Amino acid sequence: MIESLVYDGTGVESVEDLAAARTADGTTWVHVEDASDAEIDAVADAFDLHALAIEDVRNNVRAKSEEFSAYTFALVKTARLTRGETTFEEEIDDEPVGLFIGDDWLVTVATGSADPVARVQESVRRGDERLLERGPDFTAYRLLDVLVDSYFEVLEHLEGQIEAIEDEVVESPDADLLSDINSVRRELLSFRKVVWPVRETLAVLARGDVRATRADTQKYYRDVYDHLVQLVDLLETYRDLVVGTRDIYLNALSQSTNEVMKVLTVVATIFIPLTFVAGVYGMNFADSAYNMPELTWEFGYPAVMLGMAGVAALMVFYFRRQSYL
Amino acid sequence: MIESLVYDGTGVESVEDLAAARTADGTTWVHVEDASDAEIDAVADAFDLHALAIEDVRNNVRAKSEEFSAYTFALVKTARLTRGETTFEEEIDDEPVGLFIGDDWLVTVATGSADPVARVQESVRRGDERLLERGPDFTAYRLLDVLVDSYFEVLEHLEGQIEAIEDEVVESPDADLLSDINSVRRELLSFRKVVWPVRETLAVLARGDVRATRADTQKYYRDVYDHLVQLVDLLETYRDLVVGTRDIYLNALSQSTNEVMKVLTVVATIFIPLTFVAGVYGMNFADSAYNMPELTWEFGYPAVMLGMAGVAALMVFYFRRQSYL
Amino acid sequence: MIESLVYDGTGVESVEDLAAARTADGTTWVHVEDASDAEIDAVADAFDLHALAIEDVRNNVRAKSEEFSAYTFALVKTARLTRGETTFEEEIDDEPVGLFIGDDWLVTVATGSADPVARVQESVRRGDERLLERGPDFTAYRLLDVLVDSYFEVLEHLEGQIEAIEDEVVESPDADLLSDINSVRRELLSFRKVVWPVRETLAVLARGDVRATRADTQKYYRDVYDHLVQLVDLLETYRDLVVGTRDIYLNALSQSTNEVMKVLTVVATIFIPLTFVAGVYGMNFADSAYNMPELTWEFGYPAVMLGMAGVAALMVFYFRRQSYL
Amino acid sequence: MIESLVYDGTGVESVEDLAAARTADGTTWVHVEDASDAEIDAVADAFDLHALAIEDVRNNVRAKSEEFSAYTFALVKTARLTRGETTFEEEIDDEPVGLFIGDDWLVTVATGSADPVARVQESVRRGDERLLERGPDFTAYRLLDVLVDSYFEVLEHLEGQIEAIEDEVVESPDADLLSDINSVRRELLSFRKVVWPVRETLAVLARGDVRATRADTQKYYRDVYDHLVQLVDLLETYRDLVVGTRDIYLNALSQSTNEVMKVLTVVATIFIPLTFVAGVYGMNFADSAYNMPELTWEFGYPAVMLGMAGVAALMVFYFRRQSYL
Amino acid sequence: MIESLVYDGTGVESVEDLAAARTADGTTWVHVEDASDAEIDAVADAFDLHALAIEDVRNNVRAKSEEFSAYTFALVKTARLTRGETTFEEEIDDEPVGLFIGDDWLVTVATGSADPVARVQESVRRGDERLLERGPDFTAYRLLDVLVDSYFEVLEHLEGQIEAIEDEVVESPDADLLSDINSVRRELLSFRKVVWPVRETLAVLARGDVRATRADTQKYYRDVYDHLVQLVDLLETYRDLVVGTRDIYLNALSQSTNEVMKVLTVVATIFIPLTFVAGVYGMNFADSAYNMPELTWEFGYPAVMLGMAGVAALMVFYFRRQSYL
């Protein structure tokens, strides 16, 4: 679906014919949403867009920017969290948005839907003054600004997941927690993979040595770039938090094994020797002066029981001192 | 709350009207504390401050500096340790302080309270000669210097925590120590996240290619920068110390499991065979020349007991040699 | 086997004689496949190729590019997955392809077979317009483009292996899984070792300060370079995924040991004390008022059994609370 | 204590008056040892040393160099190994030495004692020709050279500690070894923290774009710098060795737990079934054709014993094959 | 031992007198092997070699290059594998070779023996044309080329060790394998420490901004540099392989402990309850209707045995399902 707007300080109008739109006075913004091949070809034709750039948008390659003689090309990505079955159905779903920023025109191409674009179109139609007056590079800036804001929404979702994991690791660290931890690590990694090249792309635009950025717009690109730097910073921090959580979990497991071993050791080492003693007095030796005379003593049994209790008490005392109990 | 001071070598005075303050002879310093939107707008209006810079202060974005035509903008952070409930209520609380350094004026904007600013204001009022004479960039330097000193106070607190952990890991390594260790690691990480961009910001100011730093002030900015480099160095070192502590703790746990296993093994392997022997002599085989004649020997019982003692002695000897005992 | 083509906008022809081919009008492309020493010498002689460059192709050294006075030399690699017996029969099999890009000629030398070359030769023969018209550097670009596409085929195979491992680690984590994991890690590492220098080589070509890249071809080299950057990005991500899988596997093992210990501990700590009690009542003390009067009570046996059941119940309750059961 | 020397090719003399010393013909070297505040102020006054540089020496900040209009300032550190009680009484004790290198004078300030300085003073007094003739920057070089040699003495001590640990990990890996390992890691880290900034400082001096280094002295600074690079290289290597030692130690612990478990398992699994059998034949079932007729067989007992021996032999065989024995 | 050769396109001759050799027509190459102090002094004197460079060779410092007014100095290392007793008798034995490359002379100084030098001398004597004609920098290149080839021989030896470890970890992972693994890691590290600075040194020579490299020789230095880059790449890869081997070994140990625990758990949990039952029927309760009437039943014994078999069968079934068996 192609939508083309022409606007300047005096107002906004829709111009169907692409050739007319391109040469119209004021800023021309042509946006192609859910772009079909025919639509892309039509726009590329009308604005002389380079085949390589068009292909990059179609193939959704890594975000990038490239300077052409009549325009600056920037490829950025929208990001949305969609949990899939396996790893390679990417948990972070990214869609390409290609920006072609000319002298007095802007072409944007999205092969899917691109919510941030819709929001900026809305602002133009509502007659946002700065958008109308400041030319195509300022419109591009607004698009990028809204896009980066949408990244922060993804980030907030990831924050929620990390908090949930941090709560769970304290309250009930069970067997599948590590797999959850790994899943978040993967999402952070996957998100970083989307954001990092966009950051590089904006660094180029913010440096101001491309046609797209006039002196007074450069500060705005720089501002978006700063937000992206902050985002990447936070991603790094979150990754560290997640690794810390994993350490706590693995430790809880070791601690549990240690506790289990202590219980077994205490019970077994107390009762095994006592059982041996009981076994001894259960032996069937024939009567003889040397064969267990205790068996015939009047207080033989209580004496043995007392002895056993003494041994058990000593062991409990020992285990207390070792803090096994 | 807006407070505006005008000063030069001859003295200090308060000037209420912002327009008058800006054009007054000498250095003008306007500070906005706990800044309300209206106050920020008033100051931005009086000194022509750029909307993007104002927004950066309001949104407390990452520390940064930016050159504008009439002034240099630098955004820095105060840092305070406040332990929260969950991770995302940042343990290191940072508040933005925006500095706008003009030719003969300085505007500082803090959306919260900023203790370091108060201290420098106090020095100005007390008539510190160098502050009065050296212009707005020197006043800005003093502010940054006091700010970085306050970072070192936070660092000292973290040092205390690390020492406490190091003591505990030696004396009583219990189950929640790892969580304490992780908490300090997080604070170090969080502090680094605040300090690192401030360091970058000061690197720019110290390089001297911005309007804010005159030749004779540059060395001062460089000095503050050096302190920040030292701070970051220490943070790295502390992080290494904390990781080392974690290793010692985890090892103590493994060592404990190993000890527990040895106790169990020694006791069980000594008494289980003996209990078997006792069990054998407790069997109820009918009398026959081949069925346990020992039972009827005169010294049968002492012989068996001696045999058992011999087996036990051999095992103790073996465990000694294996250093299980 | 030497194959030499001469072509321009009007058509393609085969020219046997190398000297004639070099000076013919249009673009000359000489390709040596499964190159014998004699063939290489013949081509090197006809096109004055430097001995060092020829040696680099023969020895299959690291991918590289070098500028010579009459041509640009670039050494790249084909990559194919062939699993060998031991580590040093490289799992990723790479073969050298040397490109010598002159003003109106291109020489390519492969000591093995190079499928990507065959595909581009086919395109030339079929009369691909852009190939015929745009000169030797564009032909070289197409070769590199097809080559990098073949890298992505290898990558897809590795993706399949990682998915298989991720499935297995969840369903049946057995003893040799770690060795599979390590094997994939090694392949990723080995592939990265091939791709990384090719990436560097293309970075040089894309920068456009070598003879090989005319202004209008440079964007094409840049495009191939971007694909390689994406490939390396994916390799990094996959390596992270594999490490994550390893963590899950090792944890499953610890978890299993923990479970096994719990089973042993529960059974042993319940029955060992009970066995002790049974042993006590099996002792052969002579009748006396103090020697186990319980043995003669009418309800002695049921009482003891009840007592044992009580102890067992208490222990089960305790283990439930500890969640050992 | 202030000591001031004036020297050139013809000889050395002591000049008490600082002002006279500064303007005297030849090279002036003023050294302040165990510098008191008054002494530092006197020297700073006589040679117009900048307050910031003086403060850096007093506060013992990170090593650094700074260019002033009349001299080059370099702050370096002496290093000595002193083991303290807790972490923050640094195990590597470093003291600041400030160098101010003017056109024909050198001022050195040490707030503690600085042995390397004394050694160079001695050389000057003994009339070392090159020192007398080559000016203040050569004297500064000699000071730095002796200083770096003293670093290598510290390094040799650390080598000794690492060798001791490597011996101990093989011969008697006990519980506190990890704490020793960690302690050495900390010393290496702490030493690196001292040396690294000194390395940076010398890199600046060796680059030769500061006043301090004349063309013919530059090579000498470069030489000291090279030694520091080698030192840092060795520190990295030692750190790797220490980490390797830790791995061996942790493995020895796991191995020991594994061995202990095998002993327990072998003894318990052999005797527990046998004890069960003995227990069975100890049961008190009344005579009946179906109740343990074995008990009345003539060869019942030997048959049972043989059976038990057979079971034990089978188990030993099994454990042999599993290499538990 | 000093050996001096003078050569050009017309032939080679030995010239004893160093001064005469220096000024002779053609290229002069003076090599000092197993250099004594007197020999080094003689050569340094004849060719005006700087004292600092001479000292660097004597002290075998890190590989480096330095530009002097009349020559380029490069210090490189031969490498040989010699396994010592302890860590600090370096397993990789490196000897210094100093190269001083003048306009028409080359001086090489080795404090030990340097096999690569001998091989190049041999080529000169045999009249290798390119060596005779291309001047001292080409001779130096050949030396470096042969030297780097000898590094690859060391690398092949290390490959053999890694393969041996990889075989052993699969076939018989025993206690000292980790120490072997660590030993190879140390050798790789130690080798890297030798090679890395040589790589840096060759990077400088290959950049061509030193006197030593004429335009036509530069490509040759670049070629040697490329080989070193490949070598370092392989070292990194091998280090990764070794770390992977360590992981497999440590996992084998954990797996073994897990297996041992399973055996113990299965045997103990089957027989401990059965032994308890046998113990119960061995108790000596007096006859009474409530005291173990089973003992007097005709089928009491077979019933109990069946019951026990049933319990054992259930447990085996349970352990099968848990895959302990």
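Labels for the chains are A, B, C, D and E, by order of writing; each one numbers its residues from 1.
Following the convention adopted for this analysis, a contact is a pair of C-beta atoms (placed from the backbone, for glycine too) under 8 Å apart; a residue touches a chain by one contact, two chains touch by 3 or more.
These numbers come from a predicted model, not from an experiment.
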Chain E and chain A - chains in contact with each: C
Inter-copy rotation, chain A to chain B, in degrees (Cα atoms; steps of 5): 70
Cα-centroid distance, chain C relative to chain D, in whole angstrom: 39
Averaged-CA centre spacing for the pair chain D and chain B, given as whole angstrom: 24
Residues within chain B bordering two or more other chains: 254, 257, 261, 264, 268, 272, 275, 279, 282-284
Category of the chain touch graph - line, ring, star, complete, other: ring
Chain ring listed from chain D, with chain E in second place: D, E, C, A, B
Chain C-touching residues of chain E, taken from the complex the two chains share: 159, 162-163, 166-167, 170, 219-220, 222-223, 226-227, 229-230, 233, 237, 240-241, 244, 247-248, 251, 254-255, 257-258, 261-262, 264-265, 268-269, 272-273, 275-276, 279-280, 282-286, 288-292, 322, 324
In the complex, chain B residues that touch chain A: 50, 52, 55-56, 61-62, 64, 66, 86-88, 175, 178-179, 182, 185-186, 189-190, 193, 197, 246, 250, 253-254, 256-257, 259-261, 263-264, 267-268, 271-272, 274-275, 278-279, 281-284, 294-302, 304-305
